[in-house]
Every structure is written in C-alpha cells, then in structure tokens.
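First subunit A sits with subunit B, and in the next complex the same chain sits with subunit C.
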Partner chain A sequence: MTDLARPPATTPARTHPPTRVRAGRLGAGVAVGVLAAAVAACLLAPLLWPLDQSAVDLARTRLAPSPDHLAGTDDLGRDVALRSLYGLRVSLLVGAVAAGVATVVGGLVGAVAGTLGGRLDRALMRVVDTVAALPHLLLGIFVVAMLRPGLGAVIASIGLTHWLSTARIVRSELLSLRTRPFVDAAISGGASRTRVLTRHLLPHVLPRLALATTLMVPHAVWHETALSFLGLGLPPHLASIGNMINDGQRSLLTGAWWASIVPGLLLVAVTLALAVLTGRWRDRLDPRVRAELHL
Partner chain B sequence: MTVTTDDTVHGAAAGGLAARRVTVAYGRQRVLDRVDLHIAPGETVGLRGLSGSGKSTLARVLALLHAPDSGHVTIDGHPVGGARHRLPAALRTRVAILFQSPRSATDPRLSLADLIAEPLRATGASRDQASARTADLADLVGLTPDLLARRPHAVSDGQLQRACLARALVHRPDYLLCDEATAMLDASTQAHVAAVVTDYQRRSSAGVLLITHDPALMSRWATRVVDLPTP
Partner chain C sequence: MTAATAGRRRLAGAGAVVRRRLLVAVPVLAATSMGMFALGAASPIDPAQQYAGAAVFTTSEENLAQIRANWGVDDPLPVQYARWIGNLLRGDLGWSTSRHEPVTSVLAARAGWTLLLVGTALALVLVASVLLGTLAAYRRGGWFDRALRAAAYAVQSMPVFWIGLAAIAVFALALGWLPAGGLTDITATGTDPADVARHLVLPVTVLAISQAPWFVLFVRDAVAESLRDDHVLAARARGLPGRTVLFGHALRTALLPFLTLVGAHLPELVGGAVLVETVFSLPGLGAVTVAAALGADFPLLAATTLATAVVVLAANLATDLAYAAADPRVRLDD
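Right after this comes the complex of A and B.
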C-alpha cells in the first residue's frame, strides 16, 4: 500500500528510442540539410558565381563535368550546374506561390461550404467532384493554353487544379468541429456566427491548412516541371527544371547525360526533402496517424 | 396519440421556459414526439428517462441550440423560433446550458479565464468589464487565479466543470439547464457545483432543469420530477 503512495525514488533510466524513430530523426536531419543547402545555393548563386546562366558559348558545348563546369555544359554551352540552381529557384518560387493560390481558393470554398452548409454546400462539393474527376495535368494544360504564356499562367494552372483537396479538408474539419459542444456553448453564450467562425472554428483548422499548403509545394513543383517539359510552362530561354530536362534529352544520345540528369536529380532531392519534413509535421499534428505508422 | 410529459404546461402562467409539442427526428429516427415541458422561474425540474429517450436533445431544444422539427419553445409566453444563429444574442443568453463533459464543451485553445470571459467579450463587453466579472465568478465557483491562467488540458475534469459553470452564469441567465452536469465529478465537487447553482437560483429566482441518473441528487434538489417516455 505504501509503495503506491510514495513516488518512485529514482526515475527509470532513459531507454533508447526505437530504431524506426531514430531512422525518422536521421531522415529529417538529412532533409533539413538538403533543403537548407538547396535554398542557400539558390539565393547565393547569382552573387557568388560570376558566370551568366544564359550566356551561350558555342565553342564549349556538351563539355563533361570538370572543375570549370561542375555539372558540364549543355548543347548551347551553358553551365548546367548554374542553370539548375536558377531553374530550381524558379520552380520553388512557382511551387510556393501556386500552393498559396490553391490554398486560398480551396480554403475559401471549403469554409463557405462548411459554414453555410445546405444547398450551397452540396452544389460546391459537386463542383469539386466534377473537377476532381478530370485528370489534373490535362486540366492544367487547358488552363495554360487559355492564358498568355509565362509565370502567371503556370501559377494559375497549378492553383486552379490543386485546390480540391484543400477545400475538402477545410470543409470536413469545419463540419466535424461545428457539432462539438464547445461551439454550442459559444452560441449559447451569445457569440455571433462570424465570431464562432473566426474565434472558435478557424483557429482549429489553420494548422491543417498550413500543413496542406506545405504538402502541396512538391506537387506544385512537379506540375510546373511537367508543364515546362511539355513546352507549355516557362518560355524556353528561362531556366526551369522542366525546360532543362527537355533541352537535355536532345543531348542524351550524344552521351551528354548530365544535361538532363543533373537538374532531374536536384528536383528529386529537394522535393523528397520537402515531403519528408511535411510528412513528419503531419505525424506530429495527428497522433492517430502516427500510431498507425508505427504499427 | 398525444404524449404530454408535463401537465403543468397547459395551466402555466405566462412566465417560464416551455417546450410545447416539440418533435425532433434525426433522419427517420424520432427522438422526441410531441413533448411538453415547463420550467417556472425559481423551480428545479428534474428530468428522468432511459438512455436514448431524448433528454439531451430536449435540453438542446430548450437552450435554443436545436430547432425542433415541429412544436416550439416559449420564453415567458413568447414563442421563439428559427435557426440558432438567427436568434438575437440577448435571447440566447437568457438560457444557459451545462454539459456532461467539460472536456468537449471547452475550446482547448483558451485559458480558463478566457473561457469564462468569452461570452461577455462575444456580446461586446470591454476587456476590463469581462475580467472583473471573471474574477468574481471564479471566486464563486472556487477557481484560484493560478488555475485561471491554465488551459483545459492542464486542469482536472472537476476544475474544468467549475469553469463551465462560471461561464454558464456569466450572463446571469434566467434558466440554467444541467445536462448530467455532475455525472463525471467527484462527490465534493458535485456538492459544491450543486451549492453554487442553488445559491444562484435563490438569489436570482432562475429556473433550473436537472437531468441526472442520480436518484439521491434528484430527490434532494428537484422540486418536481418529469419522466420522459421512450418514443
């Protein structure tokens, strides 16, 4: 009996976390490193590297990687490493902005559907279902084709095709929150509809929304790359990962593999790192999912 | 067949909170079928019924949180109708409700002080007014300033239910609906919550609806007991 009443004299020795947790931490560390290096390189390259990324030098085409050109040169004699960094810069910018646009559109649609409910909710969700039924790359190509080519068209194309999941997330979160007794208590206390939404509902949705946005950045980057690869994205003279892979494939048969492999690998490394980090964030936000992952 | 749970409803004077021939269905499942209930100012009506007989639904209808499918709620003889959001705040705040689980009835992001002050802030009170009233109520329900600064996850169920009680009383409601409000509490907290409610009732002659499965509490507190039939 007394054993129960007394707190344990010593705290038990700290055990090592399970292998899976340690692997997860290592993965996150690597991801942080990769991302930090990529972002730093993107930001610093124009300052530290005196070469011009679009300078054509026909005397030095398809040079293999060397100390002068770390990743070789492409079929117009441009430095692949430097252009990859410029391309990544554009891709990340487009990805982040497009994910933001998609979040705003999806968040608004989801919030309206989730709070007002009724016929409007049903109508909006049918629109979501209809758009979701179309292949989104096809829809994205349609959007780009309708607009003047350039950065804006690419962002619109991604933003207008990627908002569906965000709308669904926000709506379902709101629907489940709305029936919670604390919302009843707020209404019973005299809170207006707007106050319930802004003070009691949206703050609970925001972490989810932020997570959805971040999860969307790699998607958006890939979408931009796909569009550029198809020649529908950024104009060919601007460095973008998609443009570079497309340009580089012409050199593949001559043996100059670096012109498309290097930008491709860079893209894979950065988007994987982003996905690893957001995946960990999601696990932290939702312990139930984490429990499932550890099973 | 008309189910009349509460005979006093027909002879009742204009005063009081009443449900008249209230029917509520969830889908095809009818939870309340033409139920009558009347709570006069100052009295404590006990409401009994088997699980699933619609006690909580009736409380939500009376608290103006759920619009009945047919029938209506009257306050002092005036029928109140429409969706919960469209009712004026001044009307909604006349009826307060205390839920069984304080855990789900509180916004986990707010400190206990903010929880208690929230109804005041929502209806336009200044920060100073709200905090003064919060301090008074916290004192009444027995919450120390240290507890007031904490968030719901850092306090016990009993402490949280005290905060919910303070929040329910913040607008000085004319009617207080206790939906199994003491079921999860230990004996001493239960006694304290009951004492605070009866004291408030004596001073303000508020009407109280008491839903409980505890026969002792029911017989000690309720001035009248109504049985809700299973539909």
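Right after this comes the complex of A and C.
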C-alpha cells in the first residue's frame, strides 16, 4: 500500500480505460436485452401461456418450481411466473403514469419559479427544500390513508412526493437559459413572455425533462411497490409486484420462498436495466450534471 | 490568531443562522400541517362512525351526532384546525382511533425502538461505507472498485423489504442462524438486551445494506476526487507513507461534504425503517403507522409525520452547523 513509485490513484485508471469502456457497453447491452425480454414476455405471455394468471387452484398450492410451473405456485395455487409478468405490467404502467404526473407538477413549479423569479422563486424553493426533508414514504402513506388505498391514491401519492427533483432541474435550467443571448434577442425582437417561454425556452428544457421523467420511473415503481407491500397500494386482486411480495410473505415461513422472491427478482432486473440505460443517456446528455440528477 | 478565536469567529453566525432557519421552518411546518389537515378533512371517512367501529350498526343516529358534537367535527374547518394546532402545541397529540389510546403514549412506547434501529443502522452504514469507499477510491478502476460499484447499483434497485424477506429466507429459515422476526423470543418475559440484540442483527443489517449504495458511491467519488487535490499531491511529494496520505489527507477533506449527505438521507432512512419494521414485525413506529394508515387514523398519522419532519429538520440544521464547525472555509452567513 505504501508503494509510491507507482501512484495508485491515477495509474490503474489510465491503464484500464479499454476494459471500462467495454464493461460499460456490455452493461448497456445486457440492459437492453433484459428490457427487451421483459417487454416481449409481458406482451406475449397472455397469447403463448395457456394458463390464467388469477386462476385459483387449491389442490396445487405452494408447488416448488418445476417444468409445469417455472417459478412454482403461491398459496392460492396461482402460477408465480405468469402472475409476476402481469404484475410487472401493472407496476411499470402505474410507475410511468405516476412519473408523468410528478413531472407535470414539478415542471409547472419549476417553470413558475424559474421564469417569474424573485420572492415567489425563493418561497417555492423553500417549499421544495422542506418537502425534501419529509420522509417520502411517510408522506406517501399519509396521502394514501386519507384518500383510501386505490389506484388513484397511489398515483397521487407518487405525484405529490416525487416532483421535487424535476422542479429543481427545470428551475435551474431556466435560470441559466435566461441569461443566454438568444433570449435577449427574442425579447428585443418584441416577443411576449409566453412566446419566449413556449417557443424559445421550453424546447431547450424538454430533453432534460424527458430524461428526468425516465429516471423517475424506477423510483415511482419502487414507491408503488412499497405501498402495495404494506397493503396500502393497489387493490389486492390486482397482480402488482408489491402485492405479490406481500402475498408471498404468508408462504415464506412455510418454506415457499419463490412466491415473494421471484416477483422481486424480476422487478430488480427490470428497474436495474432501466437505471443503467437512463444513466448512460444522462452521461451522454451532459456528463457534468451527474451529481445534480441523483434523485 | 489562536485556534479558539478562529473557531469562535466562524461560529459567530451560528445563532443568527439558527434563528433564521427557525423563521423559515415555522411557517413551512405550519403550511405542511395545514396541507395535511386539509387532506384529512377531504377524506371520505366519518370520524364518529370510525370511533364506533363495528358498533356503528347498532348505534343510534342521535348518539353518532352527539359524538360528532363532542368532537366538534362539524365546526368550520379553520376552527377545527386552530383547535388541533393549539392542542399539538400544548403537547396533546390527540386520541388514536386505530389503537384506542392517546397518541402520546403510542409514541412514547414505540419511538425508542425505531430510534435504536435507525441509529444502529446509520452507525453501521457510515463505518462500512467510509472503509469500502476509501478502499475502492485508492485502487479505482481495479477489480474491487468495479465490483463494489456494480454491487452498489444492484442494491440501489432492490426494495428494502425484498432484501429483508430474502434475508429471512436464507439466514432464518434455511440456515437457522438468526430469528425471523420480533424483538424478543416469544417465551421471554422481559426485554433481555442480549436477546434483543440477536433479534436486531438482521433488521439493522438489512436497513444498512439498503442505504449503503449512496454513501459508498459518495465516499468513493469524493476520495477519488481529493486524491487529485494539491495538498494530497504535496503530502505524497513530501514522501509521507501512502496510508497516511490516504486516511490523513485525502479522506479527511472528502469526509466534510459527507455530513450533508447524511442529513439529506435521513428521510430515506426513516422510510426504510418503516418497511424493515413491517418485515421483521418489530414493535416500532413503522408498524403502528401502517396500522394507522389502514384505519385512516388521522391524529396518529399526522403526529408521526410531523414529528419525523421536525426531527429531520433539526438534524439537518445540526449537520449544517457541524459542517461549518469542521470546515474553516465555510462561513455561516448564508
């Protein structure tokens, strides 16, 4: 460790870049493969699999994984692999919609703060800082509890807790754009505030906004999964990954680990692949903002 | 200028900062509580029916109306809000409708276990992430660095309750090394510290592992960055041993921003604790919160959420002050 003839901090990084680049490409390739397989499986499963995902069969409960049931059956005799695919579909759909809602809320707040500036800007950013200091999950639980658990409540809960980073991104982006010469040119050309905002500023913010939304999807999915796991999310009959892990908890103590571990594994694989790909997109868009975008 | 006067000068602004932060925190907390109250008022649940429970089917409409009148739930909203806040400020947190006891006694009985879980996990994650992150930064690009980063990214996408269930499946059920849940053995009559410690090993480790990625990656990047700093190069040029340079120079400068990260990640840690407590059936605030949410128990939910917010805001303020105290370059005049 005390070998100073070869400064360890820089040398390995300099001799290894080819491996790292290859590793990065490999990671992205695997991620694309995982996502493509998951999407294909979600879309094709209903056509190719001659089983009903919600068919209860009390004679075949808690069967271990076998060629008939690739991931075994749960405590009601439902096929875990098939139900996981349906659950993934529900979770991703809810996650995407909720991420969209959060982006709209955050985008509006950020746009108001960034364009109007002044006192309103400071006040809004204080609100953002404070909501960031509240535990997301507790706030989410509170929202769901007051609205009664259900699809709408879950989406509202995610939307109300996940808009902060988008608001920050949009605001700082607008603040830096406002000082650019083309904005001055547009204003001196007689463009109205709305026109400057919609025709000149917004197109520059859109790529960043799209990226922020995509980065948000895994977080939204995790939030939904956590709520559903607690029994506060989607209605129990709807197969979502969180509901399945919650159901599987009952079988865990009798040794049927697959009922909750398999759906979770699928979720981890897909969200990890999503995170890897959006991470590469982010690095390509602007390598300098890495720290800022850590949600 | 002695170190003492320098320190005093640096912290001269501390009182003003605390005052200014409170000036902001109070209206913000008021707004938060107002928002929560509005949401509670918009909720479709009738507190009187909820109080009556299953007896609602046999309770007469007059009795329900009497309960409503006693509680003043038909008063105008601002009146109700003022009454609620007034009670909160006097230390009366209300009556928990899901547990049928005062909210204060629920908090008093439960908060300690949650603090123990969160505190131990935080200590564990700090020590582990500083060690692992520094090692990874020292040989960055090497196999350990790459493996650690890959593991961190993987763990980041694992829900904490899923890690918990997997840990139960492996360490409690398959191997039988540790208990699967609870705080004490079911045969135990009191809380024997050794028994409690054995029951807390899995929950604390699971919570720490789930929170570790951010901290490990942060330490790794910060140390890697500061290994390139001038003072580190200078120390190396003076011929100091590598270990001294790494821990004495590079790590020390890298650790300062770490304090801010700890403050910013406390809310995550609390959320994780709620889930971990549910998985391992620990008698902390998490399980109570979930039960309260299922029963739409507004007083208890509002109290736990607001109390957590106050604790987290106070901890953030403390980290900022500690940061200023530790770093001579930071001045406390905002």
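Methods note: the second predicted complex is superposed on the first by the 268 of 295 C-alpha atoms of A that agree within 3 Å, B and C clash if a C-alpha of one lies under 4 Å from a C-alpha of the other, contacts with A are read in each partner's own complex, and residues count from 1 in each chain.
Here is the rule we use: contacts are C-beta pairs under 8 Å (C-beta built on N, C-alpha and C of every residue); 3 or more make two chains touch, one makes a residue touch a chain.
If you're wondering where the values come from, they're calculated on a predicted model, not measured in any experiment.
S.K.: Now for A:Pro218: first (subunit B), second (subunit C), both, or neither, which partner does it touch?
M.R.: After superposing on A, A:Pro218 lies in contact with subunit C but is clear of subunit B.
S.K.: Let me test your reading of the model: by the given contact rule, A:Pro203 touches which partner, first (subunit B), second (subunit C), both or neither?
M.R.: After superposition on chain A, A:Pro203 lies in contact with subunit B alone.
S.K.: Which of the two, subunit B or subunit C, is in touch with more residues of subunit A?
M.R.: C
S.K.: On subunit A, what residues does subunit B touch that subunit C touches as well?
M.R.: Touching subunit B and subunit C on subunit A: no residues.
S.K.: Which residues of subunit A touch subunit B in their complex?
M.R.: Residue list for subunit A touching subunit B: 180-182, 184-193, 195, 199-200, 203-204.
S.K.: Under the touch definition given earlier, write down the residues of subunit B that touch subunit A in their complex.
M.R.: 60, 63-65, 84-85, 89-90, 92-93, 95-97, 99, 101, 104-107, 109, 118-119, 122-123, 164, 167, 170-171
S.K.: Quick one: which bits of subunit C touch subunit A in the complex? Just the residue numbers, please.
M.R.: 24-25, 28-29, 31-32, 36, 39-40, 42-45, 137-142, 146, 153-154, 156-159, 161-162, 165-166, 168-169, 173, 180, 214, 224, 227-228, 236, 239, 241-243, 246, 264, 267-268, 270-271, 274-275, 278-279, 289-290, 292-294, 296-298, 301-302, 304-305, 308-309, 312-313, 316
S.K.: Quick check: in the complex, which residue numbers of subunit A touch subunit C?
M.R.: 1-4, 7-10, 12-13, 15-16, 20, 23, 126-127, 130-139, 141-148, 218, 222, 225-226, 229-232, 245, 248-249, 252-253, 255, 257, 260-261, 264, 267-268, 271-272, 275-276, 294
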